[in-house]
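Common to both upcoming complexes is chain A, partnered first by chain B, then by chain C.
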Partner chain A sequence: MIDWYFSHIVLIQSTLTTLLLALSVQVPLRAGVFSFAGVGCYGIGGYIAAIGMVHYGLSTATAILLAAVAGGVVAYTLGLLIQRLTGLYLAMATVAFTLIISVLVVNGGDLTGGAAGLFGALGMLDTGHLLAVAAVVVAGLTFTEIGPLGRRVEAVREDPELAAAMGIDVARYRRATFAVSGVLGGLSGSMTVLLRSTVTPDDINFHLVVLALTIIIVGGSRSWIGALVGTVIFVWMPEVLAFVGEWEDVVYGVLVAAAAVYLPGGVTGAAVDGYRKYRRKRREAADTPPDGPSPHPAAAGVGGDS
Partner chain B sequence: MLDVSELHVRYGPVHAVRGVSLLAEAGRITLVLGANGAGKSTSLRAICGLQPAGGGSVRLDGAELLGKRPHRIVRDGVSLVPEGRRIFAPLSVGENLRIGGYTAGRSRVAALADGVYDRFPILAERRDMPAGLLSGGEQQMLAFGRALMAQPRVMLLDEPSMGLAPGMVDTVLDRVRAIADSGIGVLMVEQNVDAGLAVADTVSIVARGEVVRSGDAEELRRDASVVHALLGDAALAEEGTA
Partner chain C sequence: MAQHILNAVALGSVYLVFALGMALAWSTIGILNFAHGATFMFSAFTAHVVTQHVAMPMPAVVLVAVAAGALIATLTQVLAFGPIMRKATDHRSAELRILIGGIGVAAIPLAIAERVTASAPFGFRGSTYQAQVFEVLGLRMTTTVLVIVVAGIGIGVGVWRWLATSRQGLALRAIGVDSETASLMGVDRSTLALGTMATSGALAGLAGALLTFQLGAISPASGDQLLIKAFAIVVLGGLGSMGGVIVGAFVLAGAETFVLAMNQGTWVDAVSFGLIFVVLLLRPQGLFGRKEVRRT
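Coming up: the complex of A and B.
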């Protein structure tokens, strides 16, 4: 076990940081906001942590905290600017924001290290720290998935206009998702960079948008569990698929396409559906006498207006 | 009392609502009739803030509502039941009601929901069922119940009978009457002239964005041909200008 842990420590740590990145896209999506601003904040967080450590000698914790706050503030401000956009237009604007960040860091001179990036930003981080941060984040997000707040988030996603007609300040919820997404992106970026000790402009690119989105599509978009399942799949798949060699990308593509077609709710959605079906069958088997006709309660209940 | 006067709404170059004035009084049903595209739904959306108005005033007991954002207007006491029984389909009946009670505060939600269940016993039977599985009539009741959770002084109903089985239309409109009789002002848009007239107190007929006739429902019930003539004329005139 110990041996296994030490030989896989990089994968374990990057599972945790990638989870935060995926959540930074999933949180707005769950409220119906199609925003990739979290990926841009991943870049901002990574660079702020690296600059803080290399140029200003900040401690690891201070650098990460600063990155998270900066990510949140930048994303919230971006949210104020583009909050009237919806759907694909919002997605485009936030992808553009992410690409602008990568252009800015290339042209940042000595501060960002230009195209070569920054080196030697090794933070004092271990798996325990990452687990603690991920646990706090997940615990916080659980409150946005259950209970009254969960219902309101769902209402804002399902029908923003109707939610407004219920007295919910939809715009405030949308802005809040920007801020949360920025904080998560900043955390993920700063911790990734401080683990690797380097950051280059190539690290903040369109492929992160694709990665975050595929994790959510394959894992499931409705809960943090979906993000976790998707993250585990995509962080560990290269290891599992090592034997197919250069065909890895093909297998990857086929898996994503198959998940999008056959698992519209992601792996998590399919598992929840399967569990419900299993429970219903069990209950029906318990309710009906072995040879009696099986009444269908749902079917009998509907149809009152005919 | 909700007093709408000289309301204007423009969609770009289209002047959809041109100076509509309507009145909704506590305990009474004001029926708004009109052909498709006459500006009825647009007026309702402008009153509750979902559509910016281009001019006029909307006063609830003297306080101006125009220019406020929709979630504020709900708190002031005006609830919209939108067209087409829009409910939160994946949420259960009980959860839909609790969302509707968001402005009422957590401590009152249970009592308000019990009030809705008393009014619509069918919802109590279905309280844990996903709202999307209810029949059309039941979904409309749920939409009413959800709006009542905000304790409105005035309810705006956008075509409550739309898409319902003929037998269900009267049941739903009877519920509208009961809601008004409990002291709430109702402003109701309907296409179903006869069923609407049967429960209304006052009627306003809208054509091409303007009120062409308003009056007592009793009067128009006695001579429904006038209404049909006005709506028919409106439809013909619309074709003429198009």
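Coming up: the complex of A and C.
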């Protein structure tokens, strides 16, 4: 167990930081806001942490905190600017925002290290710290998924007009998701950089946007569990797919396309649907009086097959 | 100065052919194909592989790339977008799933091309075509540039007029405005969708062949960059306006050439990203777009 942990420590740590990145896209999406600003804030956070450590000698905790706050502020401001856009237009505006950040840091001179990036920003982080941050974030997000708040978020996503008619301030919820996604992106970016000790402009690319999106679509976009499932799938897939070797990327593409076509709710959505169907079958089987040769356990067994 | 303008026009013509394919599918059948860049790259790659075995003249190479592009886009439609459009319950989830499906599909040709070429740029060295250099009014021109500009502007204007005047163009625009009413009027959506995707893929293939002839070689990753640029062009011109795409392509190419000419090479990419952002902020419907960008 201990051996396994130490030989997989990089994967375990990147699972936790990637989870935060995926959540930074999932939180707005859950409120019907198709925004990738969190990925841009991942870049901002990474650079702020690296600049803070390398140029100003900040402590690890201060650097991460600063990165999270900066991410939140920038994303909230962006949200104010582009809140009237929706759908694909909003998505592409935030993708453009993310990619502009990478151009900015290439041209940042000594402060950002230009195209070569910054080196030597090794923070004092271990898996325990990452787990603690992830646990706090997940606990906080759980509150937005259950109870009255969860239902309000769902209303904002499914029917903004209805939500507004019920007295929910839709615009405020949307702006709040921008801020939350910025904080999560900032956390994820700063912790990733402080674990790796380097950051380059190439780290903030279109592929990162694609990764975050595919994680939550394949995993499931309705709760943090979906983000976790998707993160585990995509971070660990290279390890598991070692047997297909060089064809790994082809398998990746096929899986993503197949998930888009056949699993609209992602893996967790399909699992939840399957479980509900199973429960319904069981209940129906239990409700109908066992007439003659159809005993109860057999009926439940039949239900479980579907 | 005049040389820069000529370069901008050549670059703009390639952008135009590529963006036109994307805009055609997006503004009519509502498919924003994220595999369009990969289709572009893989068509050129297919032509590259063919020229390695058979020495071919330029028109044959272009034809191979066009056919490959049409085939890839048709397969994408049949295997991914078609099933999604049939299954999706509402417009927004269909939009999202088509986006993801395109991203997934795009990863497959990219992975194959990167594996075969080891991510190195590839060109048409096996082709018998040799570019002729000549001077017109003191400008250095090549036959490649001439072909690109004529093809780009010809196809741009052709598609624009065809969509505006032909019967099928009318049907396609009708789907773009209101697909339910259009199908009540007897428009066969799925057949037209297939034809549109094939045309769109053929345009991507043409753009791939032309750009490879122009630059000598392209890298497997070049499709993604072009995708974002095409998006900037469509947003600038306005979704639903083919004339807007023509203007957008040349404006973007002009702006990028200008930034390059000012020796600010590292800022070139910021032009398209900034353009997307500023246009969406100030004029979300673009320069010539229909006035109904969905807002809440």
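Throughout what follows, the second predicted complex is superposed on the first by the 291 of 306 C-alpha atoms of A that agree within 3 Å, B and C clash if a C-alpha of one lies under 4 Å from a C-alpha of the other, contacts with A are read in each partner's own complex, and residues count from 1 in each chain.
As a convention for this text, contacts are C-beta pairs under 8 Å (C-beta built on N, C-alpha and C of every residue); 3 or more make two chains touch, one makes a residue touch a chain.
None of these values were measured; they are calculated from a predicted model.
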Touched partner set for A:I168, first chain B, second chain C, both or neither: first
Partner chain in contact with A:G253 - chain B first, chain C second, else both or neither: second
Touching partner for A:P148 - first (chain B), second (chain C), both, neither: first
Most chain A residues touched (candidates chain B, chain C): C
Touched partner set for A:T214, first chain B, second chain C, both or neither: second
First (chain B), second (chain C), both or neither touched by A:V133: neither
Partner chain(s) touched by A:D159 [first = chain B, second = chain C, both, neither]: first
Where chain A meets both chain C and chain B, residue numbers: 161, 170
Interface residues, chain A side, partner chain B - complex: 148, 151-152, 154-155, 158-159, 161-171, 298, 301-306
Residue ranges of chain A touching chain C (in the complex, touch as defined): 34, 81-82, 84-89, 91-93, 95-97, 99-100, 103-104, 106-107, 115, 160-161, 170, 206, 210, 213-214, 217, 246-250, 252-261, 264
In the complex, chain C residues that touch chain A: 32, 79-80, 83-84, 87-88, 92-93, 95-101, 103-108, 110-112, 114-115, 224, 228, 231-232, 235, 266-267, 269-270, 272-274, 276-277, 280-281, 284, 293-296
Chain B residues within the chain A interface of the complex: 48-50, 69-71, 74-75, 79-80, 82, 86, 88-91, 95, 98-100, 102-103, 106, 122, 125-126, 129, 133-138, 146, 150, 164-165, 167-168
